[in-house]
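Below is a structure I'd like to ask you about.
First chain written, first letter: the chains are A, B, C, D, E, F and G, and each begins at residue 1.
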Amino acid sequence: MKMLFSNVLLALIWSAMTGAFTLPNLAAGFVFGYVALLILKPLLGESAYYSKFPRTISFLAYFLKEVVVSSLRVAWDVITPTHYNRPGIVAIPLEARTDLEVTLVANLISLTPGTLSLDVAPDRRTLYIHAMFAENPDAIRREIKEGLERRLLELLR
Amino acid sequence: MMTVLTMLALAGFFAPRLYRAWGARTAGRLALAPALAFAYFASRLSAIRGGETIRASFEWIPVLGFEFSLQMDGLGLLFALLIAGIGAFVVWYAGAYLKEDPAAPRFIAALLLFMTSMLGVVLADNVIALFVFWELTSFTSYLLIGHHHEEEKSRKAALQALLVTGLGGLFLLAGLLLLGQAAGSYNLSGILAADSLSSHPLFNPALALLLVGAFTKSAQFPFHFWLPNAMAAPTPASAYLHSSTMVKAGVYLLARLHPACADSAIWQAVVPAIGAATLVIGATMAYGQTILKRLLAYTTVAALGGMTMLLGLGQTLAIKAAVVFLLAHALYKAALFLVAGIIDHETGEKDVLKLGGLRRALPFTALGAGLAALSMMGLPPFFGFLAKETLYSAAQQPTLLAASVIGGVFFLVVACLTGLKPFFGAERDTPRHPHEAPIAMWIGPLAMGLLSLSFGVFAPWVGPTLIAPAASAIAGEPLTAKLALWHGWNRELQWSLATLALGLVAFASLRALRPIMPAFARLRAWGPERGYEAALNGLVAAAGAQTRLLQNGSLRYYLLATLLFVLATGGWFFWRLVEWPAPGAGTPVRLIDAVILSLILLSTVGAIFSRSRMAAFASLGVAGYAIAIFFVLYGAPDLAMTQLVIETLTVILLVLAFYHLPPLHPRTPVRGRVFDLVPSVLVGSLMAALTLAANRANLAPSISSYFSANSWTNAYGKNIVNVILVDFRALDTLGEISVLLIAGLGAIALLKLRAPGKGGGGAP
Amino acid sequence: MSSLILRTATRYLVPLLLLFSIYLLLAGHNYPGGGFVGGLAAAAGLALYALAFDVRSARTMLRLTPTGVSALGLMLAALSGLPGILRGSSFLTGKWMVAYLPGFDPIKIGTPVLFDLGVYLVVLGVTMSIIFALAEEES
Amino acid sequence: MNLLAAPIVIPLLLATLALLGMRSHRWQQALAVGGAALLVLVSFRLLFRVREEGALALQVGNWPAPFGITLAADLLGAIMVVLSSVTGLAIALYSVGARETARERFGYYPLVLLLLMGVNGAFLTGDVFNLYVCFEVMLMASFVLLALGGEKPQIEGGVKYVALNFFSSALFLAAAGLLYGAVGTLNMADLAVKIPAAEDGGLLTAIGLLFLAAFGIKAAIFPLFFWLPASYHTPPPAVSALFAGLLTKVGVYALIRFFTMLFPLEASFTQPLMMWLAALTMITGVLGAAAQHEFRRVLSFHIVSQIGYMIMGLALFTPLALAGSIFYIMHHIIVKTNLFLVSGVVHYLRGTGELKELGGFYRARPWLAILFLVPAMSLAGLPPLSGFFAKLALVVAGLREAAWALVASALAVSLLTLYSMTKIWGEVFWKADPTPNAEAAMEPARYRMLVWPIVLLAAVTVAIGFSAGPMFALAVDAAGQLANPSAYIRAVLGTAP
Amino acid sequence: MKDAVTMFLMVSGSVFMLLAAVGVLRMPDLYTRMHAATKVGTIGVIGVMLAVAVHFAELGIVTRSILIILFFLITAPVAAHMIGRSAYFSRTPMWKGTVVNEWPTPPSEQGQGPDPDGEVPKV
Amino acid sequence: MNETISSVAQAMMGVLCVAMLIALYRVVKGPSLPDRVISIDLLTTLAVGVIALYSIETGQKIFLSAGIALALLAFLGTVALALYIRRGGPP
Amino acid sequence: MELLMAIVIGFLYAAGVFLMQRRNMVKFLVGLALLSHGANLLIFTAGGFTRGSPPIIPEDADVAPILHADPLPQALILTAIVISFAVLAFALILFLRAYQTTGTDDLHDLRSTDT
């Protein structure tokens, strides 16, 4: 957290130095600041921040791709006259434990293709999702556990 | 004069308090107040006799042209003397009569106040002042008649007297005001002096109204029924009301207006006829009565009829007769009533047929009663004789004479019955063993009996001193009045003898006629009293029906009435008079506008037709959101945001509340709904049309440019709407947040404060 | 029984809503917004909190009683009209102070801003009192 | 001129103070009574100043007249504020005696103060939309006061009260909006200048008729009065009294203000319409009362009936008639409030207002009986009490205008009023008590606390009657200012019209 | 270039939103409709808001656009979850083509059957 | 070029309008309460889109505040309705 | 546009009034809300239309551009919206209490205080 704060501060200083608090300038300041922190790594010691930053970027990219793809698939199903979907409700065992983890997993599942979180079981161990293509529930489970949940938990823990 | 009135009023107001200090002797001491008043009035006799009038006045409602003015002339003085003089005896009498009654202080108070108002009536010059006192006599007599208020009969009688005289009072008010308007003065002296008053278009209506007022008060046919019922009052009150006051107010009014009105055709046609009718009806009604006070009451009706008749005739002789009759009647009637009270008080018996031989037990009472009765019988040398003689001489027409003679006969019978029969003959057993009443009680009858005698004897003095000034005032020109017991063997004397003979025969044959008495009683049941009852009951029934119809409890109907009102006024007017604006170009419609507006329309339709409340509600929410978008499109972001937030909060509120509400059921039948649709659509159309018209009217440049010019430069804000809210029109906002706060309090109170028995509420 | 996901999301959303409401209040004099919308937005935040958790915790968040908040607000709004009187002008006349902070535009603080804050508090308090009372209602 | 804001700001601030100290009864009572007393002082001061200096105006926020909101007081406004303050004081005192503890905990006193704020605001504002807001303050406070307690009749009455008055507000709002759309201003003085100058082909009259409906509902004229008899007898006596005295009169005030200054009555349509409304209001109201057998229900219907008299003065539309209306309002507010207070004492003693079940009060409590008689007979127009002069002025005005039917209705209705009052008198006071010993124990101190305000108002009634001359002169001046509002306009706009 | 991006984002965002609406119209049951509304609707908003950001290219606007996008990313799935579970518990019927249901029958905490009219019977 | 953008924005608003009408149809038709709720939710999303496009069309960025408000508040309404469905009666 | 708005306003009024005449409390409340909407739009329309130009003074100016929406009706409507909200909320709770105390949501049955 301290590192993130330093990075933001550096971005602000950059903007002040260049005299323009515009978005591109701030973004540039942030990147330059990260580079500066990276350079200072030996001085500041090891921190999860160094790895989290690129991981966050890659996760966001992955996620955005998933959202777009999912939207396109649903959209396709919407415009084509026949329903291709074979919907069903699938139970997913949860690795996520904290409130934030569970919530994020559930929400991201909702935003990704073909799946929609309906509820978390009271014991928090199972997530019930509605899937558009549920002929093979196990495949869905695997896909989520290997893909989204793993990536997210890596990022959070 | 003002002082006298004030003194009496104060005596009345403080009577209850004085009673607490003085106890039973209070009434006797308070009787000094009217006695003093009497003395004052008596001291003015010679001045008035000399043709003076005494005036007193002060400004009252100058903007309306009213002054509070009193004026005393011969007529007023005569009445004032009677009111104060008899009043003094009555107050004293009442103290003794009501010795056991814990409510006596109130009675005495009411009596004194009544006396004050009655004096006010006869002394007032200003018509409003007259009316004020007039109404006060009605009200105070209401209290007097209803003295035994725990008996329903008393309450009914009091109410009847109040309503009938109150009704008359309203006619009187209208009449007096119209008369004042016609004469250009609200003072009686001004009215009587006005030129060509009787040719004013308002004169006849005014006179008609005034006559109704006078007739109700003086118990003239067909309003006479309240008077006998007013017997429910304690005897002193009856004696007073019937002899010299209250009922005489109507007679006074006729006398007072006589100079201005007696020439009119209405007066000449109506007044004598009504008077004669009342005389006959009163007299016949008396026949068949055996209760002392009732007998006297009906003869009062008759006597009032006689006086009215005389005033209606308009000749000098009749006027004098009226005055003489008035004086005589006041004296003997007061005496006889008081005697009736003593008899009732001492024996517990009211029926004359069951009374007899009381002269030994009640010697002074018997003497007073006898004198008064002889005067009432019209025997010389009593004053009553003079009254009857002048009456006969005034009644030149055969019908009037017949009426007078019939009256005289019955007076004679009643006088025998009430003044003589109880005291003579064999002693009878009565509920109580009689003893002579205290002096406070018998002194009044005795004094008035003696006065009846001495006025007859001293008629030559009475004529110019009391009769002539009063008669002059009535006639509106100076009159002389020579009164003497002996006029020679003339027509009047012959009729008097005939009356005496007929009366004695009638009295003797009373027993024989008893079987037909019930028929008379049945006749009474068909009189105007029945009309009164029917009117009152009908009114209450009609009121109930009307109220059930109008105030029927249905909110739907109330709203419908409101809508119809809007349509019938604004709608009708708009339809009739407003030019329909030509469809102008206006702001062009874009697709987005059309879609948003149709969103509003469709969701409204959804709200109407949805059968589940959540659907209705969802539609409502959509309409709200669509309106918010509309606000965005037309440059009102603040409005849009507020609308959005409010809409959302409304959703939450409704959701929270709907946990507790049952599902929808259509209740109004389809026909009813279609029926409701018509006014709804009309109101909608009206509002639409008005909106268009107002939008296109632009009658004056709007004030809004001021806000954009000053918002930043003087109020330091760029969001003009917000600056209006917090600065230009901050007072609106202050009120508005007060409304909000109150609504919040209301919500808490409604939900947390429970009616007792349903679990108490906690603190908010 | 409320939802875990909703509760978690609420924890992050409510601060956002409150922040937004303060923005609306402060920016209201120059941009769309103002005490009404601001107060309503704050109320919406607390309402969300009450829905996701329970009324008791939402009440705790508010600290004062809703009635107290609204009374305070109304008083503030009314009092903001008094400086005008004290300075010999009319009731509710705006009185402004300008604060100069180096590096910033001059900041103007005036009684209308206090007035708007009063509005904010009234709206917040009232909306909360209604919603809380309804939510606590048992049938 | 900030004196003009005082009748609005004082109750507002005190209400907030009371709300912040909601837990202490004493604190709230002290604020309410003290505040009401302060209002009495302020309002009399206002009246005297208006009497001396003519119409006064305050430009709220110091923004010049048609742009900001102007508070303005001519004699009518000042008189109304005095009346509301006096009523408020009586109610505050009475409420202390009434000891409705549960209600006090839920903001009773602040609500009363806020109600007074709304009422005073309505009397003083010179702005149409601000009048709407003031009406809402008053109505909302009255909604809550009515329903406060949650008893079944209150809730049922409240539903109708709220529903119909809301509709009235919606009409008012629409009319105000239309007026702004057409004339471009909301300031009454500005409107009074611009409306006569506008050639609109009747649009403004149509808008005026919307105002008539809106205010007519609030004033409870025929056929818009239904909410009143359905609700006024349900709340606690003090609240009933406050409503009975003040609320409908605000509607009447608005009618008078609008239909003299903004939309002067026209002989072609609005004046005859108003006459019909006056007569029908009087008659239906009094007949309604004749059909009732409950103390407060009788009184409630009589409010409607007497509103008819006030409208009669407006409908006749002469200075004298307007003065009559104003005088009638002065008299009626005091008297009607007082009658409800008396009914409240009876209610507190016996727990019922059914005439059938009451009786014996004349014997048991003669002073209370006299305190009833004064306002009751004043209401019935018995001279020389205030009601007589009120009736008299209207009758004189009506006769001068040759409005025979209207005068006849007025007189007939006064007889029926007498009937109703004597009905109550006979049943409650004269009749023997049908259920002796049913009287609830009441400490003498509390009884006195309840009776003192009644004495105060009865004294005012008598005083109005005895000083009818100067009082009526005041009313005439007030009416004169309405008939010729140039002084008002000058005070508000700063220029001669 | 900037304008072209703006237009592209506007058009694609709007088309996505339209598709979301069509989805809500055409999909066979509530749960499948939710897929359309949640995902497609959100992507549509993101597109349009990015268009705004690009078009105005001011710090304040860009941050606000991002804020709105962020709100949608947080709220849309939560809302879907809330509706979905409520619908399931109130036994909103599923499409007959549903192939699998691994969620145990909803606990009968309310004891209510599905309610096609949307009106919940009073308890 | 700005005019082109304006007209494109306007055209896209037309598209969103069509979408709104479709969503409204679902609101009215139901059949289930949750169906209505998601349709309303979608309507608000569309409304945010309309506001955004409108601010592009007119160049008035200040409308965006209304968009933020809508985005935040629509969620609240949806949650309330969902809880209502869930509880279905007195809690 | 004005004509179209007039139709919408008339429609809202008609619907509001029609629903207020229903016997069901909920319908009544919906009618109340529609009536408020109608009144607000009426004020807006009476004040005239200006598209896309809110009454906000641009950052670099001291006065608003010549053509801008009339701010006064907006302020009035804002006040009216908030007041109607307060009334609606109160009415809702009142009706709720009425239902709880009388056991009916039929406005037609709440007539015990009239006659």
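One rule holds in what follows: a residue touches a chain if its C-beta (ideal position, glycine included) is under 8 Å from a C-beta of that chain, and two chains touch if they have at least 3 such contacts.
Note that the coordinates shown come from a computational prediction; the quantities given were computed from them, not determined experimentally.
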item	value
Both-way neighbours, i.e. chains that touch chain D and touch chain A	C
Chain whose Cα mean lies nearest the overall Cα mean	D
Pair with more cross-chain C-beta pairs in contact, given B-C and B-G	B-G
Per Cα centroids, the chain farthest from chain E	B
Length of the line joining the C-alpha centres of chain F and chain G, rounded to whole Å	21
Rounded Å distance between chain C and chain F, as computed from the means of their C-alpha atoms	26
Rounded Å distance, chain C centre to chain G centre (Cα mean)	24
Separation of mean Cα positions, chain F and chain B [Å, integer]	70
Shared interface positions of chain E, touching two or more other chains	22, 34, 42, 71, 74-76, 78, 80-82, 84-85, 117-122
Chain B, residues touching no fewer than two other chains	547-548, 551, 553, 555, 559, 612-615, 633, 637-638, 641-642, 645-646, 648-649, 652-653, 656-660, 662, 664, 687, 691, 694-695, 702-704, 707, 718-719, 721, 725, 727-734, 736, 738-743, 745-748, 750-752, 755, 764
Set of chain A residues in contact with two or more other chains	103, 106-107, 117, 119
Of chain A, residues touching chain C in the complex	99-100, 102-103, 106-107, 117, 119-120, 122, 124
Touching residues (chain side chain C, partner chain B) in the complex	24, 28-37, 40-41, 43-44, 47, 51, 65-67, 70-71, 73-74, 77-78, 81, 92, 94, 96, 108, 110, 112-113, 115-116, 118-119, 122-123, 125-127, 129-131, 133-137, 139
Complex contacts: residues of chain G adjacent to chain B	1-15, 17-30, 33-34, 37-38, 40-42, 44-59, 61-64, 68-72, 74-79, 81-83, 85-90, 92-97, 99-101, 105-108, 110-115
Interface residues, chain F side, partner chain C - complex	62-63, 65-66, 68-69, 72-73, 75-76, 79-80, 83, 90
Of chain B, residues touching chain D in the complex	59-64, 103, 106, 128, 131-132, 135-136, 139, 142, 146, 149-150, 152, 155, 159, 162-163, 166-167, 170, 173-174, 177-178, 181, 539-540, 542-544, 546-548, 550-551, 553, 555, 558-559, 561-562, 564-566, 569-570, 573-574, 576-579, 687, 690-691, 693-695, 697-704, 706-707, 710, 727-732, 734-736, 738-739, 741-743, 745-746, 748-750, 752-756, 758, 760-761, 763-764
